[in-house]
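My structure is below; once you've seen it, I'll send some questions.
Order of writing sets the labels: A, B, C, D and E. Residues in every chain begin at 1.
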Amino acid sequence: MFLARIDGTVVATAKHPSLSGCRFLVARRLEADGTPASEPNVVIDWMGAAVGQIVMVSTDGDIARQRLGNNTPARMVVAGLVDAVQQPGGAA
Amino acid sequence: MFLARIDGTVVATAKHPSLSGCRFLVARRLEADGTPASEPNVVIDWMGAAVGQIVMVSTDGDIARQRLGNNTPARMVVAGLVDAVQQPGGAA
Amino acid sequence: MFLARIDGTVVATAKHPSLSGCRFLVARRLEADGTPASEPNVVIDWMGAAVGQIVMVSTDGDIARQRLGNNTPARMVVAGLVDAVQQPGGAA
Amino acid sequence: MFLARIDGTVVATAKHPSLSGCRFLVARRLEADGTPASEPNVVIDWMGAAVGQIVMVSTDGDIARQRLGNNTPARMVVAGLVDAVQQPGGAA
Amino acid sequence: MFLARIDGTVVATAKHPSLSGCRFLVARRLEADGTPASEPNVVIDWMGAAVGQIVMVSTDGDIARQRLGNNTPARMVVAGLVDAVQQPGGAA
């Protein structure tokens, strides 16, 4: 899993049937100092993450298969909404 | 999944039998600001993506196996044609 | 597996049910010279790794599935606490 | 899959039994402008790719397992010999 | 698979039970010109690779599961000891 910031949403009318009705979010992985990395990912969200929210993203695909069927092309999903990241030594 | 721009097509006469008849596209992953990353991927397309189209690419392999058989070497496929990416805060 | 330094903890109240009760740590992969890489990972820990501890992180997901069930989105776990890294030629 | 240029061969006498008799090639992934990326991969070839040939490399492992058995450590294989890459807009 | 240079060993007394008795090596992936990349990996070795040896590292996990059980967190193993890398065109 990794930490990411939700930056926006993706609208895609023509898509694989298993993805029908899914909410697609643009998620940018966070660097150690909290800034977002450059390459965004498209993640699926069932937890209601808002734009700006820090989330934990899973790369494992099991939640996606469990909800969308074994043939879904989806893999990255929002696995948790982050309340706080505690780094005693800072992020140097 | 990730966002990518279709840049071209790949012609390969000699290939694994499972790939016979497939349409191979050159897809470049998009950075947060919408510019394409440098290393292109070869993806398979059954959605008719045009050159220049922004797409969602799946890395999961399940669509490929479903259509080309369990022994196919293909994994990345076009999973959706993107109509819009909405980023309220911009892409800074 | 890779070497990482534990930098902190993640608090996430709303999360996938399989992750309930897990300890989430911020782990930064180590470069050859021992400095931490920039993008942190969120790993699950059952070994009691302290902040500052050098650990081996597994990316395989099997420990996670064994303990959290087959549908867990967790994959990276602490697989060992490192006592020493011996590099006879240095880390040039 | 990705595009790569074959740069050479690897000789390894002591290896996993499943790899006995395999042809190992050094393959460097191509950037969008056709230059090879820095980190080479070791791929297995049953298609007779020559040094200098542009190929499609599969990362899926299924061809390898099909031919070398389920316990093989091989995953990347040459999946096609590329005749042409057509990029109407160039590779800017 | 990829080419790597063995740089050292990792000592970890507290670890997952499946890893008991394993030999852990620090392996750095090689760039095209033969210099090692910065982020080392921890690999498991049953072939007796010495420090300084160039090896082929498998990322597939099947050798590890075959020897350490299905629940092992290990995935990268030494799959071959490299005698020579032949690159007719050099490594430019």
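One rule holds in what follows: a contact is a pair of C-beta atoms (placed from the backbone, for glycine too) under 8 Å apart; a residue touches a chain by one contact, two chains touch by 3 or more.
These numbers come from a predicted model, not from an experiment.
Colleague: Which contact partners do chain D and chain E have in common?
Modeller: none
Colleague: Using only the C-alpha atoms, find the rotation that maps chain B onto chain C and quote its angle between 0 and 180 degrees, to the nearest 5.
Modeller: Fitting chain B to chain C on C-alpha positions yields an angle of 145 degrees.
Colleague: If you average the Cα atoms of chain A and of chain E to get two centres, how far apart are those centres in Å?
Modeller: 31
Colleague: Between chain A and chain B, what is the gap in Å from one C-alpha centre to the other?
Modeller: The answer is 19 Å.
Colleague: Using the touch definition from the top, which residues of chain A touch two or more other chains?
Modeller: none
Colleague: Mind sorting the chains in ring order for me, with chain D at the start and chain E directly after?
Modeller: In ring order from chain D, with chain E immediately after, the list is D, E, C, A, B.
Colleague: Residues of chain E touching chain D in their complex?
Modeller: Touching chain D from chain E are residues 1-3, 29-33, 37, 47, 56, 58-60, 62-63, 66, 77, 79-89, 91.
Colleague: Which residues of chain C touch chain A in their complex?
Modeller: Contact set of chain C toward chain A: 7-16, 19, 24, 26, 28, 36, 38-43, 51-52, 61, 70-76.
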